[in-house]
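In what comes next, chain A is part of two complexes: it sits with chain B in the first one and with chain C in the second one.
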Partner chain A sequence: MVKILAERKKQVFRQGQDKFDLACGKHSVAGSVSQRACVFCGARVVLYPIADALHLVHGPIGCAAYTWDIRGALSSGPQLHRMSFSTDLREMEVVYGGEKKLYRDLRSLIAEYKPRAAFVYSTCIVGLIGDDVDAVCRRVSRETNIPVLPVSAPGFQGTKKDGYRAACEALFKLVGTASVKDVSRFSVNILGDFNIAGEIWTIKKYYEEMGVQVVATMTGDGRVGDIRRAHGAALNVVQCSGSMSHLAELMKNKFKQPFIRVSYFGFEDMAAALYQVADFFGNSLIQEKTVALVKREIELVNPIVQVYRRALTGKTAAIYVGGAFKAFSLVRALRLIGMETAIVGTQTGGVEDYQKLKELCSEGTIIVDDSNPVELSAFLKEKKVDLLIGGVKERPLAYKMGIGFCDHNHERKIPLSGFSGMLNFTREVYATVLSPVWKISKEIEV
Partner chain B sequence: MEKTIIDRPATRNSCVLCAPLGASIVFQGIEGCLPLLHGSQGCATYIRRYLISHFREPVDIASSNFSEESAIFGGKENLKKALSNLITQYQPRLIGVASTCLSETIGDDVRAILKEYRKENQGSPLPEMVNVSTPSYHGSHWDGFWKTVLAVVTQLSSQEEPVRQRLNVFPGLVSTADLRHLREIFTDFGISFSILPDYADSLDSDAWDNYHSLHEGGTPLSEIRAMGRAEFSLDLGQALTAEDSASGYLAKNSGVTRLSCGWPVGINESDAFFRLLSRISSQPVPEKYRQERSRLLDAYYDGHKYMFGKRAVVYGSPEMVAAIVSMLKEIGVIPVFCSTADTDFAGIEERVIELRPDFLIGSSKGYQISRKTGIPLLRAGFPIHDRFGGQRELLLGYRGTQRFFDHLVNVVIAGVQDSSPGGYAYV
Partner chain C sequence: MLLRHTTKEIKPREALLINPAKTCQPIGAMYAALGIHACLPHSHGSQGCCAYHRSTLSRHYKEPILAGTSSFTEGSSVFGGQANLLEAINNIFTVYDPEIVAVHTTCLSETIGDDLPQIISKARDEGKIPKGKYIIHANTPSYVGSHVTGFANMCKSMVTYLAEKSGGKKEQVNIIPGFTEPADMREIKRLAGALGVKTVIFPDTSDVLDAPQTGKHVFYPAGGVTVSELRSTGDSIGTIALGMTASASAAKALDAKFKVPCEILNLPIGLRATDAFVDALRKMGSVAVPDVVTEERGRLLDIITDMHQYFYGKKVALFGDPDQMVSLAGFLTDLDMKVVYVLTGTADGKFAERIREITKETAPQAKVAANADLFTLHQWIKNEKVDLLLGNTYGKYIARDEDIPFIRFGFPILDRIGHSYFPSVGYYGGMLLLQKILNALMDRQDRDCPEHQFELVM
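After this line comes the complex of A and B, so read on.
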C-alpha cells in the first residue's frame, strides 16, 4: 500500500469507502514532489497565448527560460508570444534593485517589437529587492502609449490559482478600453480556451455558424484589441473555469455581462455548451441552426467512434489533470467510449468540484487532490488501469509502468475539443490502449 | 558598476537555464539521491518538466515549497519539514539540497539549517545531506552542474575511507550513451574508476514492474567518499579552474593528481583521451578502439568532399562547443560563429542571418532559427526536446564521432539531393 504523507491523508478519497471530507485548496506539503507549479506559472499560462503582446519576465533567468514557447497555443497571426523575454536579473540588480533595468528593457523591447500591450511578470525576488514595478509600468505606458500591465506573480505567494487570479486582473484592466462599435447583440467572448492545437478555431466556427459573433478569445489566439472591446459582448462563455471564472465575475460586476460555464470536450458537453448559448439568446433562428449543427456533426463522427468503442469497452482509465472541469468532461467522454474511470485527481480542484466528481464516478474510484508521483503510481498499480490521461509530467509515470497515456495538457498536438475532437480523442485512446507493446514480456523467457 | 547594468540588454530566448537545473541533474546521477530545491514549488516543477521532456523518464525533484510566511520569516521550518517528509516517503540515501534565487535573497543559511536538523534528529537514522548554493541570478545551469559536483565531493569525500578506485572521472553534462561508453572504455583499459555524476541508468532506465520512488544506478556513495583516496581525477572539458573543480579540490586536499582533457570528440581529442588512459593504465590502446579510430578515419576520407569548406554555427556548453569545433577543424569545416552562453538565441539568429552558414549544430532550441532560415540543424547536446532518443545520442570517442560525422555528412547530402533537379538517386 502506498505511503501517503500524514498531512495528505485527507486529500485522498475512495468512493463508497470513505466519508466524504476531502481537503483541498491547500498549499502543497513541503518535501512532496507535487505535480503543481506556482503563482507565476498560473499567470503565465493564462496570458501566454495573447499573440500581439510583449511578455516580459522580470526576475532571474530561470522562469523565462522554462516557459519559452512552452505551450502549443497557436496564433493565426503574430507570433510574439512565443518569444521568451527576461530582464535576467543578476547579483548587481539583486543588490541595487532592478527598476532601471526593467525600464530600459521595456523601452527597447517595445521599440523593437512594437507590441499592442506589454505584460510584466514579477517573479519571486522582485518584491524582496524592493522594485516598484507598478510605477515603472505606468511610466513606460505613458511614454509609449500602449498598456503596460504589471502581473504580480512571485511563486511563493499562494498557489497556481492565485496566478490565474493575477492574470485575470491584468486582463480586466484591458477590457473596456476600446469602442464596441459593430458588436452584434448576438455575441460572446470565449474565455478559458487557449487554442491548443487550434481548438479555438473549431469552436469559433461553430458559434459563427450559429449566427453568434465572437468578440474576444481569451486567451487562445488572443489579440489585445479584441480584449479591449470584450465588454461589448452579450455573454461570456467560460471554459476551464478554474483559470478564467474570476475575470468573468469581474466583468459581470462592472459591465453587467452574464456568464455561463461550459466544456467543449466530449459530445455531451460540447452539445450542451452550444445549446446553452443558443438558449441564452432565445432566438429561434440561432436555435434551429444549433440543432442542425449538432445533429450533423454527431452523425458525421459518432459511427466511427462507435467502432472504437467496441474495442475499448471494459478498459479502465486514470485521470490526473490541472482543473476539475476538464476532469468532469473526461469522465463523461470516457464513458461514451466504454471506459470507466478508476482514479481521478486534479491539481487545483475545489470542494464543490470534488463533490461533483464523487457523484459522477462509480464505486471504488479514488479521488485525489494535489497528488505526487509516488502516490499516483501506487494507485495506477492498484487499479491496474489501461490508460492515464494527464500532462507531460505524468507521461513517464505511465510509460514506466507499461500503461497507455493520452496528453490532455498544453503539449498536445491534436485538437480534442469539439465533435471532431472527440473522434481524435477516441483514436488517440485506442492507439495507446490497444498497442501491442504492452503485451511483450518484460523478461526473456528461457 | 552602474554601467554594467545598463549595458546588458533584455535576454531574448535565453541559451542558458538556471543553476538549480544543473544541480538537479547531478543529484539524479548519485545513488539513492533525491534532489530538494529550497524555494518555491514552481522551480522544482519547471525543472522536472524540462528534464522529463529531454530524458523521457520520471524525474522526481522535491521542493521545500515556500509560502509567504517562509519568505518573510525564513524558510528554515519548511526545509526541516521537507527533509522529514522526504525521509518518510522516499527513504533516500542522500538528500541534495540546492538553493534558489528566493532562499538566497532572503539569506537562508542552508548549511546551518541542515546542521541543526541533524542535531535535532540525533538517534534516528538519517540519510547523508549535502547542500549547494545555486541562485538563479548567478551563473548558468552548467555552472550549477559543476558547483554541485564540487559540493558533493567536498562534503562527502573523506581521507578516512578505504581505497576503492584509481580514477575519478568528472565528465560534465554528457549523454547517457556517452556515460555508458566511458564506462566501457575504462573497463577495457582495466582501470578501476568512478564517474560523477552517472545518470546513465537513472535517467535512461529500463521498464519497471513497480514504480521506483528512488532512481536506480547513480554513482555509489562509497565511491564518492573514497574519491580522496584515488590516484587520479580526470576532468572532461577544460573550462574549469582548479578552484572551481572537484578535481582541483581533491588535488589540493588529498593529493589526487588532477588530469584534464577535452571531450573526446574527433580524432585529435579522442587520441589525447586514449593516450592519457594508456599512460595511466600502462596498457596499450585496445585493438577494438584502434579499429574504431581507423574506421572513423576511413569515413573522413570517404566524406571529406562533402564537408570541406562548409561553414558552421555551433552553440552549447563550453565543453561541447570546444570539442565539436576541434572535430570540425579536422574535416575542413569552418566554425563561423560559436556561442556558449553569452549570446541568446535571438542574437544567434541575427548572426545566422548575417553569416548564412551551411548548418547549425546544437540543442533543439535552435529549431526555430533553422526553420526560419532554411539552414539545417544537427541536434547535439542538451536539451533535445523535439526528437526521440536525444538523451542517448552517442558523441564521445571514435565511435561517437563516427555517428556524429555520419549524421553531419547526411545533412549536407540531403541538402544536395533535395535541391537537385529531379532528385539524384545516388549522392
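After this line comes the complex of A and C, so read on.
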C-alpha cells in the first residue's frame, strides 16, 4: 500500500471501502510534492486570455517568465496578451518600494500599446513590502482614461482558487461600464472557457446557430469592450466550476442576471448545455434549432466514435485535473467510449464535488484530493490503468510508467469541447492507449 | 505577426522588462539540486513557485520533476517560515526518504528574513534529520541575479556544506559543468574518461533528466553525483570550473577552503574552447591526450574545412546565458561568421567587454547587451536583419515574424526534443552543432533560391 502522509489520509477515499468523509479545501501539507499552484497562478490563467488588455506582472521576473504564453489561449484579433511584461523588481525596490517603477512602467506601456484596459498582478513580495498598488492604478487610470485594474495575487494568500476569485473581482469592475444598446433578449455570456485550441469558437458557433447572441466570452478570445457590456446578456453560462462561478454570483447579485452551470465536454454534457440554454429562453424557434443542431452534430460524429469505442471497451483510466466539473464530464465521456474510471482526483474540488464524484463512479474507484506524484504513481500501479488524464506535471509520470496520457489542461493542442471535440478526444485517447510503444516497452520488461 | 506589437523605433526604456531573456534564481537552484543523486530539491516559499519550476523543467526535459515546497500561508508570511520548513523536513524524510534535501529560498522567504542555517540546525537538534542524511541550502532571492545565479549558488552550497579534506590526496579532478544539459555533462564525463582522468562532476543531471523508459517510475533515478563523491571534492587534485557565471564561485570556495587549485575556463563549446578544456584536463591529470580524442578533434576540423564557405560572412544573432554566449560567440567567429547581436538577460558587468573582445575584428559594430530582454533583440533585428538566430524557444516568435532560420539553443526549450540527449560541448558536440547550423542555412537556401539556381550538390 502506498505511503500516505498521515495528515493526508482523510483526503483519499476508496469507493465501497471507506465511509465517505473526504477532507478537502485544505492547505497542502508542507513538504508534500503537491501538484498545486498559487493565488497568482489562478488569477493569471483566468485573466490572461483577454487579448486587447495589457497584463503587467508586478514582482521579480520569475512570475512573468513562467507564465509567458504557456497556455494556448487563442485570439482571433489582437495578440497583446502573448507578450510578457514585468516590472522585474530588484533588490533596491524590495527595500524602498516598487510604486514608482510600477507607475512609470504602466504609463510607458499604455502610451506604447494603447490597450483597452490594464491588469496589474501583485505577486508575493508586493504583498509583503506593502506597495499601494490600488493607488497607483487609480492614478494611472485617471491620467490615461482607461480602466487600470489591480489584481491582488500574492502567492501565499491562499490557493489557486483564491486567485480565481481575485480575477473575478477585477473583471467585475469592468462589467456594467458600457452601453448594452444592441444586446438581444436572447443572449448569453460564456464564462469559464479560455479558448484553448480555439474551443470557444466551436461553442459560440453553436449558440449563434441556435439564434442566441453571445455578448462576452470570458475570458477566451476576450475583449475588454465586450466584458464591459456583459451585464446586458440575459443569461450567464458558466463552465469550469472553480474559476468563474464567483463572477457569476457577483453579476447575479448586482445585475439580477441568472446563471447556469454547464460543461461542453462529451455528447451528454454538451447537448445538455445547449438544451438548458434553449429551455431558459423558452422560445420554440430556438428550441427547434437546438434539437436539429444536436441531432445533426451527433449523427455526424457518433458513428466514428463508435468505431473507436469497440477498441477501447474495457480499458480503464485515471483522472487528475484542476477542477471537479471537468472531472465529472471526463468520467461520463470516458464511459461513452467504453472506459471506466479507476482513479479520480482534483486539485481544488469541494465536498459537494467529491460527493457527486462518488455517486458517479463505480465500486473500487479511488477518489483523491490534492494528490502528489508518489501517491499517484502508487495508485496508477495498483489499478493498472491504461490512461492518465492530467496536466503538464503528470504527463512524464504516466509515460515513464508505460501508461497512455491525454492532456486536458493548457497543453491540449486540439479542441476537446463540443461534439466535434468529443471525436477529437476519442481519437486522442485511442492513439495513446493503443500506441504500439507500450507493447515494445513491455517486451523490454520481460 | 505575433509580435506585431514590437516597434522598430528604439526608445530608451528604464527597467521595464518586455519578453524576458532570463528567469528567477530558484529554478536554477532546483536544476542543480537534481544533479545530486537521490536529492529532493525543496522550495522554501509559496506553492506556486515550486509548481512553476517543476512545470518548466518538465516541459524542457519531458521527465517527471519532483520537489517539495514549504507551502507558505498568510501566517508564515507574518510569523516566518520556520514552522513550515521544520514540518516539511519531517514529512520529506518520512515519506520520500531522500539521501539529501537541497533547500532554496524564494523572494518571499528572503524578504521575510528566514534564517535557513538556524532552521536547519534546529531541525537537526530536534532529530528531524535521520542519521546519515543531509540538508543543504542556498539563498536564491528572485530579485537578485537570474536562474544562472541560482544555479551557481546551489553549486557553491554543495561545496560549503559537504566538501571535506581527509588529509590524503585523491587522484581525481573536480569538474563543474555549468548550467548545461544532461547530454553535455555525459559528454564531459566521456571525454575525461577517454583521457583517463578520474573525475567528480557536480552537479550531474545525466541519468536523472534523460532517464531511460523502463515502464517504472523511479523516484530517484540512477544518476547524479553522490553525497560521498561531493564530500571527497576537498581531496581532489584540482577543480576545472566551466563557465565564469555558473561555476566559478563553487570552484573558488573549494580553493579557499581546502586549497584545491582551480582553473576557470569557458564552457567547452566549439573547437578552441574544447582544446582549452582538454589541455587543462591533460595537465591537471598528468596524462597524454590519446589518439581517439585527437581524431575526434580532427573530424570536427574536417567539417569546418569542408563547409567553411557556407559559414563565411553569415550574420548571426545570439541570446542566452552569459557562459554559453561567450563560448558560442567565439566558436561562430572562428567559423568566419559575423556575430552581430549578442544578448543575455542576466546582469553581468563584464559581459559586453568579453563579447566585444571576441567579435572586434569580424563584427566591430556588434550590438551587445546584458540585463536585456527579447523585445530589445527583436528591435535590433527589425532595424537590421540577420541570417541566423540562436536562442531558447522564445526566439521562435522573432524567427517567424522576421523569417529567419532559427536554432534552438539554451534554456528553456519547450517545443523540440534533442537538447537533453545530444551534447553541444566537446568536439563531438561541436560537430552536432555545426550540423544544425548548416542544415538551417542550407535548407533556407534550398527554399529561397530561384528555380534555376536550385542545386543538387551542395
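Points to keep in mind about this one:
Criterion: the second predicted complex is superposed on the first by the 440 of 446 C-alpha atoms of A that agree within 3 Å, B and C clash if a C-alpha of one lies under 4 Å from a C-alpha of the other, contacts with A are read in each partner's own complex, and residues count from 1 in each chain.
In this section, a residue touches a chain if its C-beta (ideal position, glycine included) is under 8 Å from a C-beta of that chain, and two chains touch if they have at least 3 such contacts.
Please read these numbers as outputs of a predicted model, since none were measured by experiment.
Taken together through their common chain A, the two structures put chain B and chain C in a clash.
Within the superposed three-chain model, A:441 lies in touch with chain C and out of touch with chain B [touch as defined at top]. Contact with neither chain B nor chain C is seen for A:256 once the two complexes are overlaid on the shared chain.
In the superposed pair of complexes, A:96 makes contact with chain B only, with no contact to chain C. When the two complexes are overlaid on their common chain A, residue A:84 makes contact with chain B and with chain C alike.
By the touch criterion defined above, A:68 lies against chain B and chain C together after alignment on the C-alpha atoms of chain A.
By the touch criterion stated above, A:37 is placed in contact with chain B and with chain C alike. Of the two partner chains, chain B and chain C are each touched by A:128.
Legend: residue contacts after superposition of the two complexes on their common chain; A:27 is shown touching both chain B and chain C. Chain A residues in contact with chain B (one complex) as well as with chain C (other complex) are 3, 5, 27-41, 59-68, 82-91, 93-94, 101, 104-105, 108-109, 124-125, 128-129, 154-159, 373-374, 377, 392-393, 395-397, 399-402, 442.
Within the complex, the chain C residues that touch chain A are 2-5, 7, 13-20, 22-24, 26-27, 40, 42, 45-56, 58-59, 61-74, 76-77, 84-85, 87-92, 94-96, 106-108, 111-112, 141-144, 146, 211, 213-219, 345, 394, 414.
The touching residues of chain A, counted against chain B in their complex, run 3, 5, 7, 27-41, 56, 59-69, 82-94, 96, 100-101, 104-105, 108-109, 124-125, 128-129, 154-159, 373-374, 377-378, 380-381, 392-393, 395-397, 399-402, 442.
By the touch criterion stated above, chain A contacts chain C in their complex at residues 3-5, 27-41, 59-68, 70, 79-80, 82-91, 93-94, 101, 104-105, 108-109, 112-113, 123-125, 127-129, 154-159, 373-374, 377, 392-393, 395-397, 399-402, 441-442, 444-445. Those residues of chain B that touch chain A in the complex are listed here as 1, 4-6, 8-14, 16-18, 20-21, 36, 39-50, 52-53, 56-68, 70-71, 78-79, 81-86, 88-90, 100-102, 105-106, 135-138, 205, 207-211, 213, 346, 365, 368.
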